[in-house]
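One chain, chain A, appears in both complexes that follow, with chain B as partner in the first and chain C in the second.
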Partner chain A sequence: MFFFILTNNNSNKMFFLFILFFSTLISISSNSWFGCWIGLEINLLSFIPLISNSKNLLSVETSLKYFLTQSLASINFLFMILIKFSLLKNFDMNNIISIMMNSSLLMKMGSAPFHFWFPNIVEGLSWMNNFMLMTWQKISPMILLSYYFNKNFLIFMIIMNLIIGSLGGLNQTSLRKLLAFSSINNLGWMIFSIMISENLWLFYFLIYSMMIFMMISLFFLMNMYFMNQLFINNMNFFIKLNLLINFLSLGGLPPFMGFMPKWIIINFLLINKFYFLTFIFMMTSLIIIYYYIRIIYSSFMFNYFKMKWVNLLMKNNMSLINLSSFISISSMILSTFIFM
Partner chain B sequence: MLIYDIRFLFIYMFFVGNLIFVSKNKHLLVVLLSLEFIVLSIFFFFLVLLMFIDYDMYMLMVFLVFSVCEGSLGLSILVSMIRSHGNDYFQSFSML
Partner chain C sequence: MSLLKTNVITSVKYLRSFSVLCRKSNQDHHLKKCPILFNTQRWLFWERHRKGGYDTTIKTSNWEHLKNGLVELKHELKLFAKELKELYDMDPLLIARPGEIDLLWCFNSPTVLEKFVTTCDSDHGEGYSSCNLEMSPAGRALFHGYLDTRVPKDGRIKKAGYCAMRSKMQRKSFKRASTFDWHLYNTLVLKVRGDGRAYLLNISTEGYYDITWNDIYHYILYTRGGPYWQVAKIPFSKFVLGSKGRLQDKQTRMRFDKVTHFGISCGDKIVGKFNLEIEYVGLEFDPTHDEEFAYEMYKTDKYIVAV
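After this line comes the complex of A and B, so read on.
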């Protein structure tokens, strides 16, 4: 990604990217809630130039929708911070103020029921901007959520996230919207993991962002935005295998990398007797794996005509694809060396 | 509306601002104006809060700087939209 930025004479993108990284650090390491709000504002201010750089109608509309939802959420967040400060409710987390603050943070993340902007905006961005939106922009609202959350409200939001993320992706043909709904579903898992412990959330988030990075870099290199592009051109066998492995890993099937964080969360759920929540987690994961397998089944199993006008220059840099497949398969064992 | 406490005024302004933000408008500029109205209500609230606890007003200035930045960002997006679509009507959204 940085190679792409450096070769296109886009030095202003590097500048805004640096400020984006810095804003998250400001937000999560501040002493007061006001500092958190400042970090969120700088996040918005530096992400908008990153996404509104091209001169077509779609990017203007995308940046406008992003700006409106995010600024409303952060202004509401500040108002609730002031009310919390004036009523001196710093430790009482079972009231309407914590619900309002959590709602504004959930709107910033794109979690249900405030998720309606998220698939629209993801449809309008390029793959690298989508990667930033799906991974980095979730860090600071999540950590702020862990500082002052209302447990019952968040469990209800988690259930909504899981159901909307799984059912919303069933009728999609655009790969970006598919990954957007999958991201909403994984947000449910991540919010629950941050309620357990921040270390577990970090584990889940790192593995999720690594999986998303592998998928998005594959789609970016092949310039694929829609599902029919996956099975119209007859790709190399290793690319199809990598796609299969990455999709199944994202869905959480056992020998792959994506199973490990979900396994730990299910372990926690069952030990602490959250049986209904376990049921919801399992069933929605099943629906998600259904629509992943629907895609890769037709791409992987069938042999299509090789069109002469589609020129996929993937013969030279296959090592990166093989490396990412290897990481996805063997990470279950390797990750125990890092985190355990 | 009977006001027994000054806090009701802030909450009223805040809710009215939010109501205009989410209402169906013809122009985008109305939405941006409602955002500035919410910022005004937060400014007022911040001022009264800081006066009651006898703080200095530095935090208020920092808040003002950031909200002005955000307002100008909104206006620049409005300008970009007018340059590409020709107007700022909401009906011209047809892509997403």
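After this line comes the complex of A and C, so read on.
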């Protein structure tokens, strides 16, 4: 992201990026709910200039939609905070106010059942902006969620996230929307991990961010936004292999990196006898891997045109791709050398 | 399919409402058809009505609405079942093979003509042109009429003379508005037989907000007058952005994922008959065409606005 900004002579975007990072830190380190809200608002205000690009009508529409949904969620959050201050003097987490606060934070994140804006907006953003939206923008709502959550409500939301994330991506042809639904599914895993412990959530989040970064950087370098571009372009073998490894890693298939955080969560689930929830986690992962494999085998098997003048010259950028493949395959095994 | 009875519009109402902040100037109020006239300057970009204030609703009683609704219910349920089946199949169109033209409309039967609406300036008393869309003797669609640039003398209209045909809004089941998804393609293909006049191809991409409701991408199609058909392949990169007919300073590429309407219009200021015979309108993916947008936008200084 930095490299991209520096090369495009967009130093003003660097300014907004800095404020974006700072706002998340404000939000998570404040000792008052009001400070949290301030952080969320600054987050919104600094993200909008990053995504709006007045040269493109679609991106203008997208940034306006993002502003409207996020500000609605912020208003809700502020209102619930004020009601909590004025009416509730207890620390009980299982009440209607916690449900409302959690709802507004879930809407901020793009979690089901408030997810309808998410694929729509992801469709209108460039890859780098999508990366920020899918990773950094989730941090502060997640952590705020962990401060005051309603367990039963959140478990219901997790189930909805998993199901909608898996079923929503089945009929998609746009790569951005596909990753959006995958992100919604992974939100389900992340919300559950933050209910267990913050360290576990951080671990899941870092690995998820790394995987998403590898996927998005691949699509960004090849300028691919739709599935037909996967089949049309004459990709060399290593790019296709990287695509295979990263998609399966994102789906949570061993022995790739993406399996590790899911393994730990499943371990916790089974130890604490959450059998029904485990079943839903497994089944929805299966559906997601189904549509990833559908994309991968098509890109491996089908190559409609072998036009000689369309030649993806990736010689200069192969190092990033090779490194990402290596990390995805070997990190789980290497981590056992370090930690076990 | 139009299952509603179409009533002839006998009275024309003007509902062009403007914002409170508009200035009003002195007007003639003795005209029959237009009781309220405002020749104003707009101070806002806000659009109240999607159709620009022209009242095109057909008045039917509630009982007729109910009867029509029940007739349409069966048809809508079938459409819904078809949609569910498509969702269950999970097999969207992933690729457009080059050299293949995927037809949007093939005008070989009168039922296809119902998917289009024709408009001209005489519909709302703004001119004297007339147009019609029907089947030609050769078995194809014929968009024909008479273009008249005479301006009606009501003091409000400065220019006249346009005729257009436009596709109706795409609908999913239960009349939900839907859009075309043309992301697989990059070329529009038309097989037409014109009369030597220039026609304007309009692709409308109404977005979500009212600012882009009137954004239409235009391309001038020059036709040959002869008896031979012509196949026009126009890449989407060549279309120019205009809003309410005015070409914009800041040009951008067309968005392919949510296209709402396609239309053809005739407004070349030549008084006389026009005839355009259309065989099909289709889409193609041309892998050799890698131009993203044909019109360069130069980097200007920051004090030059709107560019």
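FYI, the second predicted complex is superposed on the first by the 322 of 340 C-alpha atoms of A that agree within 3 Å, B and C clash if a C-alpha of one lies under 4 Å from a C-alpha of the other, contacts with A are read in each partner's own complex, and residues count from 1 in each chain.
Just so it is clear, contacts are C-beta pairs under 8 Å (C-beta built on N, C-alpha and C of every residue); 3 or more make two chains touch, one makes a residue touch a chain.
The shown structure was predicted, so the numbers you read here are calculated from the model rather than taken from an experiment.
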item: First, second, both or neither for A:57, with chain B first and chain C second; value: both
item: Touching partner for A:123 - first (chain B), second (chain C), both, neither; value: both
item: Which partner, chain B or chain C, touches more chain A residues; value: B
item: Chain B versus chain C as contact partner of A:238, first or second or both or neither; value: neither
item: Touched partner set for A:326, first chain B, second chain C, both or neither; value: neither
item: Touched partner set for A:263, first chain B, second chain C, both or neither; value: neither
item: Which of chain B and chain C A:297 touches, first, second, both or neither; value: neither
item: Which of chain B and chain C A:82 touches, first, second, both or neither; value: first
item: Which of chain B and chain C A:279 touches, first, second, both or neither; value: neither
item: Which superposed partner A:18 touches (first chain B, second chain C, both, neither); value: neither
item: Where chain A meets both chain C and chain B, residue numbers; value: 55-58, 61, 64-65, 123
item: Complex contacts: residues of chain A adjacent to chain C; value: 54-58, 61, 64-65, 123, 170-174, 226-228, 231-232, 298, 302, 304-305, 307, 310
item: Chain C - residues contacting chain A, complex; value: 87, 90, 92-98, 183-184, 207-209, 212, 215, 250, 252-253, 255, 257, 287, 297
item: Contacting residues of chain A [partner chain B, same complex]; value: 34, 38, 41-42, 44-45, 48, 52, 55-58, 60-65, 67-68, 71-72, 75-76, 78-79, 82, 85-86, 120-121, 123-124
item: Partner chain A, residues of chain B touching it in the complex; value: 7, 14, 18, 21, 28, 31, 35, 38-39, 41-42, 45-46, 49, 59, 62-63, 66-67, 69-70, 73-74, 77, 80-81, 84-85, 93, 95-96
